[in-house]
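A single structure is presented below for examination.
Chain IDs A, B, C, D and E follow the sequence of writing; residue 1 opens each chain.
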Amino acid sequence: MDAVIGGVLGAVAVLAGAAVFYVNSMARATYSLLVSFLAVAAMLVLLGSTYVGFLTVLMMTVEMAIMGVFMVMYMMNPAGLMPMSMRHNTRGALVISAGTFLVLSVGVFAVRWPTRIGKPSRDVTYDLGAALMGRHMLTMIVIGTALLATMVSGVMLTSARGRYDRYGDELDRRSPTDPVRGGVGR
Amino acid sequence: MNEKPLALLPELFLLGGAIGGLLLGVFLPRRRQYIVRIVAALALTGSVVTALLGARNLDGEVFSGAYNVDMGTSIARVVAATAALLLLAIASTELSGHPRETELYTLLLLGTLGTVLLAGADDLLFLVAAYLLASIPLYGLAALAKDGSGTESALKYYLMGAFFGIVLFTGTVVLYGVGRSTRYSDLVGSLAAAPRGAVALGGIGVLAGLLFKLGAVPAHFWVPDVAEGATTTVAAFVTTVPKVGAVLAIYRLIDVPLSHAPGNWRLIVAILAAATMTLGNLAAFFQDSVRRLLGYSTISQAGYLLMVPVVAGRNDLALPSLALYVSAYAVTNAGAFAVVAAARTGPKLADWRGMSRRSPALSLALLVCLLGLVGTPPTGVFVGKLTVFTAVAQGGYGWLVVVAAVNTVASLFYYLRWLAPVFRAPEDKGAAVSFSWSTRAAVTVAALSVAVGLGAGVVIAAVSG
Amino acid sequence: MSIELFLLIAAGLFSVGLFGALSQQSIVMLMMGLELMANGVLLAGGAFWRLVSPGSPDGQVLLIVVLVVMAVEMAMGFAVTSAIFRARDVDLTDMATDLKG
Amino acid sequence: MTVALWLLPVLPLFAGAVLAAASPFWPDVDRVASPVAIGVALVVLVLALVAAVGRPSVRAPLLPGGDAALSVDGLSAVLIVTVAAVTLLVLLFSSVELPSGDARGRFFGFMLLFTGAMLVTVTTTTLVVLLASWELMGAMSYALIGFWWRDLERVRSANLAFLVTRTADLGQYLAAGAALAGAGSLAFGALPQASSGWRTVITAGLVVSALGKSAQLPFSFWISRAMAGPSPVSALLHSATMVAAGGYLLLRLRPLLETSSWSGPTVAWAGATTALALGAVAVVQSDLKQLLAASTSAQIGFVVLAAGVGATAGGTAQLVAHAAVKSALFLTAGAWLSSRGTKALRSLRGVAREDRVLGPAAIVALLTLAGIPPLSLWLTKDSVLAAAREQSLGLYLTGLAGSVLAAVYAGRALAIVVTVRRKGDAPDPRDIEEEPTGRVGSLAVASVVALAAAGAVLGVQSMPVVADRLARSIGGNRSVPGLFELALSALVAAVVVLLLLRARGALPAGSAAWRPLRGWLGLEALALRGVLQPTLALARGLARVDDGILDRAVDGTAVLLRRAAGLASAGDSRGVDGSVQAVALGTRRLGALARRPQSGQLHQYYAQAAVALVVLLLVVLIGQ
Amino acid sequence: MTVLSVLVFLPLLAAVVLGSLQGRLRGRNATWVWVAVSGVELLLTVGLWIGYDGGHGADYQERVRWIPGVASSYHVGVDGLSLPLVGLTALLFFVCAVYSLGVGRSRANFAALFLFLETTALGLFVSLDLLLFFVFFDLSIVGMYFVIAGWGHTGAARAALKFFLYTFLGSLALLLGFIGLYVASAPHTFDMVTLAANPPLEGRPLLAGLVLLALGIGLAVKTPLFPFHTWLPPAHTEAPAAGSAILAGILLKMGTYGFVRIAMPMLPEAWSRWSGVVLVVAVVSILWGALVALAQTSFKRMVAYTSVNHMGYVLLGLGAAGATGGDDAAKAVAVTGAVTQMVSHGLVTGALFLLAGVMWERRETYEMDTYGGVAALAPRFALLLAVASFASLGLPALSGFIAEFQIFAGSLGPAPVATALSLLGILVTAGLFLWALQRVLLGASRSAGRRFADLRAFETASIAPLVLLSLVIGVAPRWLLDVIEPAARTVVAAVSGR
């Protein structure tokens, strides 16, 4: 039964993924991607990693929303009003990705995967938390630092005007001078 | 649980410097951001000093085997931080007073931290995290100037990085799948009995991610573009510092988890090394842009660096030779970029014509650095190359040494293409380059590259223990 | 539940994503391709945890890490895209080819 | 005593070097050169006499197995005195006869250097010193033949003489190597003890070098070109010393020649053949100096013959007597050249009648050369021939024919210079080479007279009493010619000379047959065409190969490719350098190729990276 | 710090001082500094020679740890093989300094570069450590590149690049060989003395052959030997006179010195085994160099090719020492001759290149056919050119004869055919020098009205000592041979395994 559900969900995930590049509107593509992610999240839940599955759902939904905002902001073609093909080297991409799939799927069946050892604990999520706080703490600290780096560089790249533009080279303006009034700090 | 926070003091210096600098910089006037530079320099110095002190008494695995404070990590700590320190000198001339100077230093320190962590990673998960930390700041740095070429280079850098990041995840997941763990200490045993095909996929994936950081074939495409597009400081940084961590991480990967795994991994690395150095050299041959030329040159240098992991753990000379080469390379490459930054000349080789008249000191520094990159004695790279060649020959990869030697000769050609106009009489009397602070810095770095060669004995003795 | 099934689906997702990464001109669409690839990796990770070594939480941590890293990378991607769009009004990779040779 | 032996060569060598090198720095050297040189020559003569009496030996370390060793024994004693005496007389002659405008410092310097080298040659006992002096003589002969270097033809003659003799000298290099390999020593005394294979090389090498120096066949032609030098040079080098050195060496190496059965006869035949062939060449020459040059080869041929048959004493006597006679004749020719302005025989008709002292001296010398009794060469030659007859009749007959030819050429010259000048015998203006001075210095005449007289009476060496002593002193077997032989040769010589006098020196017609003889048997042309020109052609060909496509590389790639294609089809070498250039071209292409992936197109980067990764994966899977 | 270190690094110090003072030195002051320093070097060398203890092993040894990790140290010393070359180096650099006094304007950089080159040359000859040797080997290339590129004639840039690339390739091959020696030695070391005392790779013919091949290529390029010689003619043609003199006189010796110092003692078996190949290369170099020189029309190119020929003689002697036949005494003579030839060639070719420089100074061409009759215009020039040419063609009483005679005499036994063929070389050399003298010096002065000023004092003072020393060696060589012979015997004993 699980196998059937897994197979169906998998088919949904792959087909929705394929649809991302088939539909001719960015908005639809975004939705397809979300569907694919949701299907995978469901499979993760099916596999017993409930927490990660739901986390995926949450994160991906938000991410797709951001992506939508992003498109509205910059891409000028938010709802696929102007259908257009934005592909290049389709044939080459097809050959390479098909080849990759071939190699991978042959590998999937050729390899004798290790047999299962052990059983999932009763509370997987608790164990996960313990591992994150214990053995993998340093990893998480590093990822945290990476988040800091992401914030710093992300803000640096996206902000059109930095603090010296707004408050002057000496940072001595009382209030920032912005072309559009009402920004942060007003 | 063997959490020894003090064992990570050098890393904490870097992190502290980054955070402290950032907080400080927010309140500093634009012209006085040099204070952040001083903070960064102090942090880096502290990191180097504590790393040197720590190298005397290595702590080994810390934090449940995620991180390994061994000689390799110590090398990365010292070399990466020292290189970053040298690059601060370039930054001080190029980007002093820049509106995003504070962010520059913060990201430099974070990138350096990421590199160091990459070198010390003893767990695939940690490796992924370190990869992230070593990459993210650099994407931002590449676009620091926010000009057309800078952002383009950042875009390419980022997209390549993202792609190879996913390849790295893939490898990690597959190795985890067949090895039942992500810790190197577990993988040594479990991968030995693992199915060949899966290990091949996983190993290639992880290796590919590190090759991206190293700037080696087939993940080298970003290197020339970033070298040309980004500011000089950043170009120098991304072609110098990440290589330190990447090559040590590859070394560890070959030495530990893949040492008994199916597949001839040493041969793969050897092939990659040969391909990388050859491609880098060939592409540099008729390059007219100085920065791109340097970019390709760093690709070929990555190839030479990659030679050492081929014999990782095979003989006593492997790690010392890597230490020597990587430190010499870092200094020399930084020196070359420092000269470029100080010369303030056009982007083409032809623009360098007559530089020897305009600034003899700078020309001499360039000579030392470029010949150093070739491996002319007595610069550090020579001794590094020599010991690397020796170690690799000792490990039974004589053909790789021959390939490297031939490549070295070939590389001479394009370095000379640069040097030739420098020492030719100028067509018109260009303005003399003043003997400024930046010139002095370039000359100092060049001198340092010779000093590494002359003091090679000390380095080897320190690394050999 | 056989592991081959999940891995096959993961391989499919990975390949579809790869196709997108290779063929899409738009930077955002390209990033969607990368996300799909990561999606496949995520699925494979989940399968490995459950069907090979469910006894330890390492697999779960791996999934978390992949998820977080994916998100971080995407965030960075948006930032870079914003920057280049601001600097030169570029949203297609084909438009950013000044640096070459 | 040992000091005298050291000084004997060192003094002239040092003085000569100083004189020769001084003029660029001190132009006035030309004024003091001749007195200094004559003084040195005088001292050398004294030293030679002292050494000849005292028979000292000296030695100093030079090379392992080859010390710088000099020693005076019977043979050397005779020769050092001869060399010193002839040198003194020739220098005396030169001091008055050399045109005043010439670079006297250089001339006398080289002459002294030459003398020193010759003195070393005849006193040394090791191969390395022998080779050194041997080659130094060759170089000095180059310098002296090319003395008038503004005339390039003379320079070419000098080049030729040097190169031909050096070619023969290679034999001595081989011999030295073989001596070191076979005997472990370069001393003469050790040579006969060398292992047999190496001994063959030593013998052959030394024989070749001696034949070359002595202008024996097949090297004879260089002496013809050597006549381009001043006459005193010919008087010293091409009669008494350098050409004599070859004969001397063969005499000296008699013990070595005796160790093999082939070497003696070979040498003897080489000498006899030269005596015959070059005698014939001498007969038909129209130039006095050329006649004398050919006759020198022929007469030294008898010395070589003597060495081959072991008649060491006879050979020595022939060598010494010939040295005096021929020096006198060359000096006479030189004197006539300056006083009459010509050395062409047809323009010298009756000159001996006009010079009251020089004339008779020349007549005596020519008669001696012809072998007229009781003059010296009659006796010395016959004693050599007597020894030859003991070995082989053919050798004897060949030698005898050679001596008949000697009578013919000497008689012809004699007939021309003594017969009265008739109408139509006036000097041909085309023969006038330089402005005639019309007079000969008395000092010059005196030296000619002294030499001619010495030449005439030196036959006493072959008188039985003297010859016995000489043989004891020098070694080797002694053959006394029988009365019949002596009478026969005297008669033949006399008849021939008388016939020629009657014919006023005219030769029978048949100049077509004589052309090869006039042209010295065509040996020079053979050497030029057979050796020099092919060598030059080879050199140019190799140079082209060496330059390869270097020069044409600038013409661009198209030419390069066309050439490469052409060369590949022709199978011709495009040169060493060309391949370097081709590598450069190849890398240029590769360089362009290596940059092609860097298209700036991100999706292409992705595609390449993906393909590369898949390939890597397959490599891991397939690789062992 | 022994006298050797002072000797090696004093010029470097002076070079640094000159380089930093450039522009502040008036007139010929920089050149005078150069003369003074190289003069001190010469005096030091003379002192070194007088104090030399010709016993076993190297004298004046000094050893300081450098890279202990790979058993490499700053190890210097002189023995019978290196002392003559050290002397030659000191003399030739001094002479070039004096010669440059005649070149008018101040050239601080030029002087500094030559002083730097002097350090590399001296350092190389006294090195007793492979790495140290390599350091100086490579730096000499760098220095010479700048001499040619900076002060050469019109085509200098191209010629310099070719020189650099070619010789650098050689140096890399050499490095591979050194690494091979290091890896094969037990315990691993780069120390020459240790390696020579205990040669690695005995009984491993294939590896030893490969290492020898690498060393051989590296040294053959530098020497240069056929077919690696094509960088030489353009480099010489374009280089300034003093540069050519140093290049031919000193730098080429680094190659041949490497053979006798490194290849033979450290790979004796392989040297013996492959001596046939060595001999073939030697013979081809001799004949090729001589014949191609014969065809040249440019005086300087001609002299350059004769260098190939003369270096071929050196290799002939060394190759013969490795041949199977022959006794050790004869082989020692050959090796002694080879080392003597290095010195002799340095003196003679140095003089010839300086004379070529005089030709260029006067008429800016090396084409011999444009000269003729110069002897009438410039007797001092003519005298020195003639003597130097005769020394080069091996005339007795000059150094070339002593050298070549020993090579031939010693080599004939072990290698009869090769030696016999090589003898043809001296004949061709004789021919080409006579022809050259004829074209340049002799004949009626073809260039009526064209002047050719005779040698000036500085020129005479620089060239004459070289010729005179060649004469001294030619007449009384014992003082030199006494130094060389013990070392040559040691080398031969090593190669023949006795």
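Criterion: a contact is a pair of C-beta atoms (placed from the backbone, for glycine too) under 8 Å apart; a residue touches a chain by one contact, two chains touch by 3 or more.
This is a predicted model, so every value here is computed, not measured.
J.: Which neighbours does subunit A have in common with subunit C?
T.: Output, common partners of subunit A and subunit C: B, D.
J.: Please indicate the chain closest to the centre of the assembly, with centres calculated from CA atoms only.
T.: The most central chain, going by mean C-alpha position, is E.
J.: Considering only C-beta pairs in contact, identify the chain pair with the most of them.
T.: Counting C-beta pairs in contact per chain pair, the top pair is A-C.
J.: Let me check something: if the centre of a chain is the mean of its CA atoms, which chain is farthest from subunit E?
T.: Comparing chain centres, A lies farthest from subunit E.
J.: Taking each chain's centre as the mean of its C-alpha atoms, which one ends up farthest from the centre of subunit B?
T.: Relative to subunit B, the chain with the farthest C-alpha centre is D.
J.: Distance from the CA centroid of subunit A to that of subunit E, rounded to the nearest Å?
T.: Centre separation, subunit A to subunit E: 70 Å.
J.: Express in whole angstrom the distance between the two chain centres, defined as the mean CA positions of subunit D and subunit E.
T.: 34
J.: When the centre of a chain is set as the mean of its C-alpha atoms, what distance in Å lies between subunit C and subunit D?
T.: 94
J.: Measuring from the mean C-alpha position of subunit A to the mean C-alpha position of subunit D, what distance in angstrom results?
T.: Here the centre of subunit D sits 100 Å away from the centre of subunit A.
J.: Which residues belonging to subunit A are in contact with no fewer than two other chains?
T.: Residues 88-89, 92-93, 96, 100, 104, 107, 113-114, 117, 136, 139, 143, 146, 150, 153-154, 157 of subunit A touch two or more partner chains.
J.: Where in subunit C do residues touch two or more of the other chains?
T.: 14, 18, 21-25, 30, 47, 52-53, 56, 58-59, 61, 65, 69, 72, 76, 79-81, 83, 86, 93-94, 96, 98-101
J.: Just spell out which pairs of chains touch, all of them.
T.: A-B, A-C, A-D, B-C, B-D, B-E, C-D, D-E
J.: Going by the contact rule set out above, which residues of subunit E touch subunit D in the complex?
T.: Residues of subunit E touching subunit D: 166, 226-227, 229-230, 233-234, 288, 291-296, 326-327, 329-330, 332-333, 336, 373, 375-376, 379-380, 382-383, 390, 394-397, 401-402, 405-406, 408-414, 416, 419-420, 423-424, 426-428, 430-431, 434-435, 438, 441-444, 454, 477-478, 481, 485.
J.: Would you mind writing out the residues of subunit B in touch with subunit A in their complex?
T.: Against subunit A, the touching part of subunit B is residues 1, 3, 15, 18-19, 22, 26-31, 62-64, 66-67, 99-100, 103, 106-107, 110-111, 113-114, 117, 123, 125-126, 129-130, 132-133, 136-137, 139-141, 143-144, 146, 154, 177-178, 180, 194-198, 201.
J.: Show me the residue ranges of subunit B that touch subunit C in the complex, using the header's touch definition.
T.: Per the touch definition, subunit B meets subunit C at residues 125, 128-129, 132, 136, 139-140, 143, 146-156, 158-159, 161-163, 165-166, 169-170, 172-174, 176-178, 180-182, 224-225, 228-229, 287, 289, 292.
J.: Across the complex, what residues on subunit C touch subunit D?
T.: For this pair, the touching residues of subunit C are 18, 21-25, 30, 93-94, 96-101.
J.: Residues of subunit D touching subunit A in their complex?
T.: The touching residues are 603-604, 607, 610-611, 614, 617-618.
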